[in-house]
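Got some structures for you, see below.
Two complexes follow with subunit A in common, the first pairing it with subunit B and the second with subunit C.
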Partner chain A sequence: MQVSGNLLVWLLVIPFVVSLLAFWARTLGAGARRFLEAVHLIGITLLLVLTLWVIKLVLINGSLLALSGWFYADKLAAVFVLVIGLMGFLNGLYSIGYMRHDLVTGEVDRKGLSTYYGFFHLFLFTMIFTVLSNNIALMWVGVEATTLGSAFLVGLYGHKSSLEAAWKYVLICSVGVAFALYGTILVYSNSFSVVQNAHDSMLWTEIVKHARLLDPMVMKLAFVFILIGFGTKAGLFPMHAWLPDAHSEAPSPVSSLLSGVLLKCALFAIIRYYIVVGKAIGSAFPSTLLLIFGVLSIAFAAFFIFSQRDIKRMLAYSSVENVGIIATGLGLGGPLGIFAALFHAINHSIAKSLMFCTSGNILIKYGTRDLDVIKGMLKVAPFTAFLLGSGALAVAGSPPFNVFISELLTVTAGLNSGYLWLMILCLLFLLVVFAAFLRLIGEAVFGSPPENVTRGDVSFITILPIFLLFILMFGLGVYIPSPLSDLLKGAADIVLSGL
Partner chain B sequence: MTGVQIINALAVLLIITSLMVVETRRPHLSAHLYSLQSFVLVLIFLCLAVFMKATPLYIWSITALITKVILVPYLIIKALEKVGDPGEPGALLSPASSLLLAALFIGLAFLIVTPFHMQAILKLKPALAVSIAHFLLGLLCILTRRNALKQILGYCLMENGSHLTLAFMAYNAPETVEIGILTDAIFAVVIMSVIAISLFRVLGTLDTDKLTLLKG
Partner chain C sequence: MLWYALGSILVPAIGSLLVLLLPERHAKKVGQLFSFLAFVCGLLLLVGFAADRASFTRDLVTIGGISFYGVTIDALSVLVNFIVVFIGWLICTYSAGYMSPENREHPIKEGVPRFYAFMLLFIGSMAGVVFSSTLLGLLFFFEMTGLCSWGLIGFYGDQKSRKSALLAIVLTHAAALGLYVATAYVFVNTGSFSVNALNELTDTGKIIAFIGILIACWGKSAQFPFQSWLPEAMVAPTPVSAYLHAASMVKVGVYIFARTVLATGAVPQVIGLIGAIMAVVTMIYGFIMYFPQEDMKRLLAYSTITQLSYIFLAISISIYGSKMAFNGAVAHIFNHAFAKGLFFLVAGALAYTTGTRLLPMLKGILNKIPVVGLGFIAAAVAITGVPPFNGFFSKFMIFVGGFEIGKLYPLILVLIIVTILESVGSFIWFLKWLGASVLGAPSEPVAGASQVPFAISLVLAILMVMTLISQYIVLTLLS
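Here is the complex of A and B:
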């Protein structure tokens, strides 16, 4: 049963309106900061509430449709809405303290603050737009818009390096995503020849229904275009060239959103096509491609993680690795593989947000991202050191944290489908990653701190969101609440069966 | 000449103009040439509208006229005025090898369109191949040119290519879709130009080979 989903429209309207208000606030003068923070806080809170509400309705009704089918939320979309809403809230909360610090130190001025909050919410809007679009062309428009919405956030500080990162980001991603437009056009013209109705043949829900009638050759070609295009945005090797730059140069809460949320939105678009192509020509072709790109991303990223001396670049490469794990899970397929992939998408976003926010606090404390300087955190800021240590263990895939569970499930899925050697290979790469993060703990947490660093944790307001992330990270490592597992199982069903 | 012949001839003209955009040394002139080539695109939209009775393309040709013939070149020229027009520091490829690659791309594009047997586009396969080749030419421009604004023009060429493919294969799509895609395209140009200008302010050049801070 499908319920009219006005709620979906609100989910889009709120971040958009907040974004406009934040841009307008640059005219306010001295009171701008307070106004911005208030509007921002209301915005992210409403977003979280609506997100949870939408998920509840999706769990009850199966799916929601809005505006005569243009927007659509099933359990699959709900998983990604959850990631956007939850991470938008927590990173938004972290932004308040972090940007206050940047304002005090003069990294940004009042106008810069308004730019930051304006684009922050615009960025959230474009991501929600992407995952809720039922029209495949608008989904493409959404993915491209995420680049445009976040480019200024990457270049916010206006340094040579951040502008360089922003330039590479917007150019490489726009070019990459242009390939996906070809894929989109191919799928549309193919489905139009079957459905014979211009409006319907662009709707994902209709394309899936008629997937078996689509031309296999065209669908194969389309999937290659889609994977190259959205794969660029998802940060899959070898199209990831922009990622380490953009993710390390952006303000830390934005790095979190880019790594934790945006990459998943691009993966979501790939999954939508994976379903259609799987139904049209069988899943062997798309699965093999995903498996190849996935394993290559893990392999390549593992060594780059190990060789980084910049903490945020290290985390950025770790995102390539984790996107690789998700793609591998999708490629392995089956109920377990898909479940693991989707669960890993959530888990990685939590652990990576925790790490990027913590690295933000380290940046505030030490004034650098250089791992040769960041030492002895246990003596300088014990609680932050504890959070960094557990985050690093989690990202490295160690129990008792959530990432361990989904990595274990992925490997189990691989073993079940008979990929013994491939899984052993993956585990070897994960071992390299593990070693890299253990070394990070050894160097940054222990050791003796540089003399000029003052003692004490950074403010409560920057620690609170990280602590909340820690609770999620630990909680999901020991227990998956039943609404979440229902949601994930339902989403995996959709990936496997279509609707 | 029949309608199909006219459209295919215009498609060839499109390739020629796009090679001119890529090969011209002065970014300023490139921007004007881009405007010219977008005008050819508009003509193709009009022909398709007349000969294929694709009425939505009348609206497309108007929106393309406003955005691609006027607005985008205007934005690029404005950006160039802000930085002065330093010309190009030299390209990675000689004009001759660019031409050769262009020919290769057209061959490749023909290969890509061979498996299509949708009735509607059968006669226009050459033109469709040209639109895909055009997309690849834009990519070539981005990869081999070192001037940031020239790379933006390369992106615009890619965009024209995909817009033409869209016109061949999806002209009957809801108008919202075209509006969405065009809006993205314009904002992409605006944002890229703003970042390029900021880069020029801190680096003093538009040479993208000078972007070497972030490696490894």
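Here is the complex of A and C:
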């Protein structure tokens, strides 16, 4: 147990060390790019290997503890570690080609590249830190740190608009997360009065054990703060205001991490509290809140998706919608609802990463995110066009892709809980999203391209990661491998029963 | 048997991928080859089934003890699959001639691989719908066929076709939400996605599930109030209109309705009532819309809408207990596919050779291009139900079934009489265009018509034969 628990420490150490190396590389001069790419590639590969190893151990042992209980990985955390590791690897792979292009065109210089890779791994580190923290204060610190780690990536290009987006991001999320701090303190003070041990009462595993003894009124209040606080970070309506700017201004692989992974980490924090609060006061109260925020997010985002003319902003609003679906799934509850929500979290991160990376390729090709200019991709870059089309279909929730399955499961869970009309309403909102993305394909993929765009696909290295994402997206659309379904079922059990 | 069924699904899907990967010059050959292989699978299955009559259901994708997808082989699926792969192959052959720069209406210089990729994927998805033993499978492939249809309607890529494509997919997807809800509802109440699980529902449960199913089916089969996408979809290349929007995809709706009714022993009669009334409403609407149409393809689209209403009516009547009406519905799915497919391909051949499909400009077709003229005659009389053509047999079965039930339920009797009136009316209207367009001296566009490519003539000839004999295939298998 102890030996394998050390694996969690390695999972934290590796991105941190890679990050430091990347920052150090700015002193290297001409060889910096090669060094950075090599270190980066080793870093993401090790991360992926460790991730899969940790998941394997979690599946065998049930859970892992490290550093006298400060870090903890159960099946729930493993789901999110999987998302971070897998998406970190694929987006990291994509970053290499994308940042090379930015270097060639002078968007960033060598120091900028070092900053990029440094913060990229620091960002991964903070996200892993968040999901592995058993200590609720550290978990809060982790979420706050993700903001700081990624804000520099959002503002990387130093344009007026990207700096504004970064500033807005830091400001709104810090204020939001301050609410979560208040919630955290409430839970801590309450658990301290029950557990009577300053250290243990901060550990999530201990709090859950004593959840039934916690004060119902305080827990209710705490959950509201937690939901607003971490909900800001997760991009739930109406606290999502930072999200479209940050996601559209960041370099594409970072947009993809923000949207595909970071939002999930904030949701993870909410789920941890949802479990505690559910045990303390029953799940009716937290479920209803999640359901309200979830459905509102879907409803609101659906219409904003429809009206966007900037492809990355459109994708950003789609993230709000999808976080809404996950929150709805959690709110509907039951084994099916939780399973659907967690599965949707994985599916959305795959599909959305694919879309953001493809939008990166579009930026390379067309030099713009404006949908009035991006036309005729089929003639310009057929393979990218194919991937964009598939990704848009997936995000729209169409078979044969994975999002279709998890959305259908969510609807099924809704009917199971007796929300027939609410589900029909949600399906109608999803129809708006569907129309928006089909229109996107119609315009961007077909039609005739602008004159100044050179024909021919972008380089192999920027296509390969997207293609791997496509395989995942299609594979999970037609089959769910049993280790994954075991993991998800196990995680759903934890959400329902506590430990 | 199972492998033939899977072959019909997978062979075209693999072909679809190959068409995209291989160089453009091979696209037509690969498209024809794989559609032919799928046809062979379908034919062997038909022959094999006719010999041993062994119906069965086999689960294929099972996750956590729940069957996600399985295959059902029975007379219904074998017959419908046969039209899917047979006409699919004919269309792929016809398209080899049609999709060329020689085409006078729409010279086609690029996009042939994309066309065949969507077409082959569509054949596979259709076979997927037809064999599906689960509601989830039906839903999955329902949406897949919609996507292929969207890609093919928007094939030319101009503003108008993109808009029509979007309308088609949004409307059918909106209707599909009914099937989403029905699938989820059945799963929640029975713990199974299987079509047969409909049986385990209470009567109220069946009504809820069937209303969802009906909405989806109306959408896909362009029935009122979802009909508007079909006439707009006529901007697609004509082989697409012939295949997707006459012979096969629009049959997904009636097929799913038939499949679920067949699987559910006792369907509440109120569903039959709703289905029958809506069918006749659509029929009257479609009939009225015949008159202003001058574009041959739009006229045919409205004719498809009304013919699909016949099938809805027949299935709805079968809910009241008429086996004859159900068999009539299956026979009409089968027969109409050949007749209407032929009719559209005639329209396509006219557009290809003369550059127009406006009926008032087409005169004296028989005189100048006899093969097309004969096709026109065969298709028109088959659609309107003149013996010895196939349409007569299936319509007759539907009427007999209708009177059987009509004796007990006066409302059904009224509906069936309206249907007969529609049938007579459309006969007269088609006879009018037949006289004006086919016979007589050639008009200017027809007189200047170009040569009909061999591929097109061949397919027209095969389909003409089928409009004379398809009813015997169906009657043999249903007996």
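Simple rule for what comes next: the second predicted complex is superposed on the first by the 495 of 499 C-alpha atoms of A that agree within 3 Å, B and C clash if a C-alpha of one lies under 4 Å from a C-alpha of the other, contacts with A are read in each partner's own complex, and residues count from 1 in each chain.
Just so we're on the same page, contacts are C-beta pairs under 8 Å (C-beta built on N, C-alpha and C of every residue); 3 or more make two chains touch, one makes a residue touch a chain.
Remember, predicted model here, so these are calculated numbers, not experimental data.
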With both complexes superposed on chain A, which partner does A:300 reach: first (subunit B), second (subunit C), both or neither? neither
Quick one: classify A:223 as touching subunit B (first), subunit C (second), both or neither. neither
Name the contact category of A:343: first (subunit B only), second (subunit C only), both, or neither. neither
One more residue to check, A:485. First (subunit B), second (subunit C), both or neither? second
Touching A:378, do we find subunit B (first), subunit C (second), both, or neither? second
Output check: A:437 vs subunit B and subunit C. Expected answer is one of first, second, both, neither. What do you get? neither
Please work out whether A:401 is in contact with subunit B alone, subunit C alone, both, or neither, and reply first, second, both or neither. neither
Using the touch definition from the top, say if A:204 reaches subunit B (first), subunit C (second), both or neither. neither
Most subunit A residues touched (candidates subunit B, subunit C): B
Quick check on the superposed pair: does A:423 touch subunit B, subunit C, both, or neither? Answer first, second, both or neither. second
Of subunit B, residues touching subunit A in the complex: 112, 115-121, 132, 135, 139, 142, 148, 151, 155, 158-159, 162, 165-166, 169-170, 172-174, 176-177, 180-181, 183-184, 187-188, 191-192, 194-196, 198-199, 202-203, 208, 211, 213-214, 216
Listed in rising order, subunit A residues that touch subunit C in their complex are 378, 386, 393, 398-400, 404, 408, 411-412, 414-416, 420, 423-424, 427-428, 431, 434-435, 438-439, 442-443, 446-448, 478-480, 482, 485, 489
Any idea which subunit C residues touch subunit A in the complex? 20, 61, 63-64, 114, 136, 139-141, 143-144, 147, 150, 154, 157, 162, 165-166, 169-170, 173-174, 177, 180-181, 183-185, 187-188
Would you tell me which residues of subunit A are touching subunit B in their complex? 70, 135, 137-138, 140-141, 144-145, 147-148, 151-152, 155, 158-161, 163-168, 170-171, 174-175, 178, 181-182, 185-186, 188-190, 192-193, 198-199, 202, 215, 217-218, 221, 244-245, 248-249, 304, 307-308, 313
